[in-house]
Amino acid sequence: MLKEIINLTLLQHTIRTATPLILAALGGLLTQHAGILNIGMEGMILMGAFFAIVGSYFFSSSLAGVLMAVGVGILVGLLFAYFVIDLKSDEFIIGIAINILAGGLTVFLLRSIFGVKGAFSSPDIVPLPRFRLGFLEGIPLLDTIFNNHTVFVYVSWILVALVYVYLYKTPYGIWLRASGEFPEALETAGVSPRKMKYISSIACGVFCGFAGAHLSLGYLTLFTENMSAQRGFIAMAAIIFGGAHPIRTLIAAFMFGFFDALGIRLQVVGIPSQFTQMIPYLGTIVVLFVVAKSYIRKIKKNVEGES
Amino acid sequence: MAEKLIELKEITKQFPGVLANDRVSLDIEKGEIHAIIGENGAGKSTLMKILYGLYQPTSGEIYFKGKPVSIKTPLDAIKLGIGMVHQHFMLVPSFTVAENIVLGVEPRKNRFMMDYRKAVSITEELSKTYGLKVDPNAKVESLSVGIQQRIEILKVLNKGADIIILDEPTAVLTPQETEELFKVIRKLVEELGKTVIIITHKLQEVLALSDRVSVMRQGRLVGTLKTKDATEQILAEMMVGREVLFEELNRIEVPREEVLTVKGIKARDNRGLMALKGVSFSLYSGEILGIAGVEGNGQSELVEVLTGLRQAEEGSVMIKGVEATNKEPMEIRNLGVSHIPEDRLATGLSKKATITENMILGYHNREPYATKGIHMNKKPIRERVSRLIKEFDVRTPSQDVTADKLSGGNMQKMVIAREFSFDSSILIVAQPTRGVDIGAIEFIHKEIIKKRNEGAAILLVSADLDEIFRLSDRIITIYEGEITGEFKRREISKKEIGLYMTGKRKGMRQGGVQDEEI
Amino acid sequence: SNEKTPSEDGKGTKVGLVLAGGLGDRSFYDSANEGVEKAKEELGIEFKVYECRNDPSLYSDQLVQASEYADIVAVVGFEFFDIVQEIAPEFPDVYYIYVDNAIEGIDNLITISYIENEGSFLAGALAAMLTTETSIEGINEEKIIGMVGGVDLPVIRNFYVGYEAGAKYIDPEVDVRVIYAGDFEDPAKGKEAATALYSGGADIIFHAAGKTGEGVFEAAEELGKYAIGVDSDQRYINPDHIVASMIKRVGQSIYETIIKIQNNEIEKGKVIYYGLEQDGVGLGYGTDDMPQFATEEMKAKIDEIKEKIISGEIEVPTAK
Amino acid sequence: MKKFKNAEYLISLFLSILASLIIGAFIMLANGRNPVTGYVALINGAFGSKYNIATTFAKTVPLVLTGLATSISFRSGISNIGGEGQLYLGAFGAALIGITFVNLPGIVGIPLALAASLIAGGLYALFPAILKVRYNIDEVIVTIMLNTVAVLLTSYLVNYPFASEIGKMGGTEIIAEGYQLSRLVRLSTLNTSIFYVAVISIIMYYLLERTSIGYEIKMVGQNSNFSRYGGINVKRRMIFAMVVSGALCGIAGAFEVLGVHYRFLQHISPGYAWDGMLIALIVKNNPIGVVLMSIFFGALKTGSISMENATGIPSELISVIQSIIILFIAGESGFKTKIKSFLANRRAIKKAGEKNA
């Protein structure tokens, strides 16, 4: 029975489930660093998923799909930025409005463009290619776990590294962080914090576009209404969990993916689905608690060690 | 006549409801130190922010070296060689000193990557050139205000500024630090040919440092004069539009009774380091006990321990014979302790709350303001607040505006009004006049003395030695979390006390030495 | 407000179709819609669809609005159990066809209850027969089959018990595994659930998971395995990997009931059960141009089982 | 001064709603629909008859409660995003009482059921509150996680130990007659819970705006340093606010059971807590605003269904229009300051010009 649960597919599942979360969370953590909590990610992912299908279907090219998703991501990012940054509206409300907008608009366009409701799939949708990493081929374990995923799985890992370098090793990342932590300081240093906030917001749209394209063109090859299925919110939880640090957020996303995979597999053993489905959520709280406690203990220890 | 570097012509700035600058015209000459003074809210910062591109003037023009310029953003100002050190520091707390200094002009390894090592070496270089010592790798949030001030200046210099605007740079500095800063300013002007504009509320500083001084009142420029033609009296009069008398404060003898006993207090600062290493003293009714010390030597922590905001690890605090160690702030207040906190914005008030809401805190659950401690009665609350506003001369359009609409001086008066209105027998007063104009300083000092004369025990913590000397009946010095000396009024001179404040001397002073004039 | 005068031949009869979910699920609700569409074409009725999109706060509103509009209201979704009992007596002139539950004793309310476990029994039997057909590419030796359910609900569990019983009837050693995705609208999750089952050795998965089931089909295609669709004949979605569908003829039964109402053939306040006998549920093999995985033998065996169920020789368990 | 501010706010709110409706009209036109017919149907659907008005108000019941719940928690500076979970547990708690003590008369039973829901919701909010004040664990993430846990837990309970015998619906049995709040208008689900909600709203208004507790909560939320310094027990106030917030959500759930469905259902809430949160945010946590905006949202929901049914304007277009309304309301103060500073600048320039001349 244990073999049913703990096996290589568990890790594959973890990786696959984590990917859209990582992509969206990378975008969200950029706005987070710019001082904006973006709960509109859910809607941004959904739009991305839809327009990826549109692009791929009409241009018979997955690249066109991705570009389309990214283009729409930029537009939604701009909309979000305009309201939050220029009009100083409550970011929570704007985020929710974007989610509602995305929910309505995708369904409406699904009907107007494809003439269907609910779901759209077609052999004419060109999915994103899969990737085979030649150098992994010989190595049995790594090959199964890490090879032959869709392209965005690898892209997401590269992006984590890029975002990390961007945030901490380039001037632009420093500006971005300053724009969230102390915008006046950045402004007096001659860099517009507004610009940095706009950039982060647009980048978030792009990343969520990636996440959406990955869902509808990479992971699956179809669009269904509401297919983002709360991933935007879980991505936000991952950001909070990871303290908006790219690596720690990546770990959080993997953790969610892992708990999810574990939950699905535990059902096979006969545990009621409601309980196995709780695992990612309860697991997160437990991990948060353990981390917080050990942090407090560490502070205490430091203090004792010093005196 | 010297070259006119900058000419501000008829600058007007209209904020919604406030005319902050009203047709202000001002010249800055090359190589001068130009002081700008004025009451709180006179429009000094606004004018400088316009010059630095942070605000756009509603109307008016700026000429730079005789040519009209448009300064739309700070970047435009930086390009013209203008740099500004702000009243409230513009440093990113979680960044290192080096990162802050190069912010906006980061050295790069290539098009994209920042060269952090270069940033460190730039910082070290600057630090050496101008004689301002900083640790490039320290995080700003862990540094004292004095050091932060240095970083701000280095930051401006690093951008190649020829004209340096300093907005109230000395408000938070110790006399030693102020002296050091002035040396740097003189060096910048005399040796490096820079031009300096300095805003300050301290008239002695104006007289000691500047070449010319401009005075602002209620958004207008009252006049500019050569410093050598000015006196404190003249300037003060121009500022407030009436005569200001620095009268000797009237003290009466009040029966002394020990109300606060502090024994062997040890406590840590926010970083977990020992900030108080066994502090003991007593405070008596009818006296003002001044605590003199360079900022960052444990005064803040001491005040927090006494008021229940920070846990002491060892030692005891007795208030009127009642054990009060590590009690909650509320319990300590109930023992009759009022507190003017050093950071009014972070602790002393809520910017988003109205003046009424800010001023009723502490009374909000007492009769008659709250029936049975629950039902709040609007009328008595409003009456009380409006009375306090009048009594303490808090300048505000109404008691319903939010506190962030007040100028710094008026915020401070609001906090003092609230705290002094409690019939507390112990007042813990930290930095009561920081960033406050002379009229308000005079007012606040009188209120403190009045409280003393009524028999309250007052613990005064101030970075401003003049203030300590002017108000205190007794002074203790603190250095690195320990008390290094205790003196009666007029027992020690300002120069000498510096030795105790910097730990160069310790122990009680014997005998009375005539104090220099205060 | 509007005149409700159904003419003799049924022309101009107004039908309101109230759905707990929404159109576009390519199974349950779409099938209901097909029924009224057919009635429109063949009987000349008019109709309007009232979608509640799974929002419980709309059940009552939509039902009332449909009642005010229509002569016959078809109410689709077990969720309406309480509300339809409350509303139907308020509109005595309106006939209610309530689909997917069982209520007796209200004169103008007819309920259609599907014996989905019977249909699922056949699906299970087919899956059990196929899982050892190693001649088909992708089918392994192991006797493992799976099911992906949307949410753990009584209806969905009813699918499962029938499916399991059907499989065990063919071969008691067949291991039947179920995963509930916890969502009817998350195809990605459906794909993961299916992938987990396939990689655990299952080669055929039956889904009762709405849009989540789309992910099951994708997993089948990707891993070269097989799936069984639900409610509508879903083979057309991917004929190479969807071997059959357990059909719940919601549309057909609504259509038939409309005719019965118009012909006054209806027994008042009764439950009409649609099981195998009434051809309300069954197994669909798609159209002839599709590759057939079920051999003639298997189909015959399925028919035999079907007869036995109808005759009562086989008793299909029901979920609690 | 204050009165004037309120009037100004109302006017600009009205204008932003108007502006979004105009945009909505263009969307309808672009779709070949007649916006006049559409909006007439919308208003008619929301207020056109006794039944419609009743339905509108029926919709506001859960929104007011969850909106007030958000107000009190957000005011105290602790964000309760877990309303949905608290609502589910509260609903289940009430149902449990209603199916267990079947012989109690309503006058005892209903308060008991409400108490159960209040305790269930309150306790479920207490947990993240404690994690927050004791261990400094972010309450946003914990409450989001707890939402799903509560939905799943109740789903287990009603599918297994408390599953209804008939109706195969993922719900409990019907609660006893004595617990069922009576309906007020024929066909509508509007029931006597609206009176309870009116009373609760008044209490909450009083608590938040007129008492020292409300004052303390507000101060804690604005500046917790200041509050502690001023002698407020910050942690206690945060926990109090969170528990009250949870209790209100619990009660919202109870009314769905006692007044609408008469049993607990697995998917009893379509996201009431989220809507309530949105409402509270829009009106900046003002309790009166919550009530008014809830009515507006209720009307919008009721009206848009009628609009869809009457005109065939698809519901997804309506949600697009709704999101535009929300965007405009949220952007209201931003638009206003933009316009104001534009006007002020022009005026000042004009004035300066006159003086120069």
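Note that the chains are named A, B, C and D in the order they appear, and that numbering of residues resets to 1 at the start of each chain.
As a convention for this text, a contact is a pair of C-beta atoms (placed from the backbone, for glycine too) under 8 Å apart; a residue touches a chain by one contact, two chains touch by 3 or more.
Model, not experiment: these values are computed from the prediction.
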Chain pair that, of all pairs, has the most C-beta pairs in contact: A-D
Centre-to-centre distance between chain D and chain B (centres being mean Cα positions), rounded to whole Å: 45
Inter-centroid spacing, chain D versus chain A (mean Cα positions, whole Å): 28
Whole-Å gap between the CA centroids of chain B and chain C: 75
Cα-centroid distance, chain A relative to chain C, in whole angstrom: 35
Of all residues in chain C, the ones touching two or more other chains: 152, 182
Two or more partner chains touched - positions in chain D: 152, 155-156, 159
Of all residues in chain A, the ones touching two or more other chains: 272, 274, 277
Pairwise chain contacts, counting only pairs that touch as defined: A-B, A-C, A-D, B-D, C-D
Residue numbers on chain A that touch chain C, as the complex places them: 4, 7, 9, 13, 16-17, 20, 116-119, 121, 215, 219-222, 224-227, 229, 260-261, 264-265, 267-268, 272-274, 277
Residue ranges of chain B in contact with chain A within the complex: 52, 54, 73-75, 77-78, 84, 86, 90-95, 99-100, 103-106, 108, 112-114, 116, 155, 159, 268, 272-274
Chain A-touching residues of chain D, taken from the complex the two chains share: 131, 135-138, 140-142, 144-146, 148-149, 152-153, 155-156, 159-160, 274, 277-278, 281-282, 314, 316-320, 322-324, 326-327, 329-331, 333-335, 337-338
Residues of chain D touching chain B in the complex: 1-2, 210-213, 215-216, 218-219, 222-223, 225-233, 340-341, 344-345, 348-349, 352-353, 355-356
Chain D residues touching chain C - in the complex, by the definition given at the top: 51, 55, 59, 62, 152, 155-156, 159, 163, 166-170, 174, 186-189, 256, 260-263, 265-270, 272, 301-302, 305-306, 309, 315
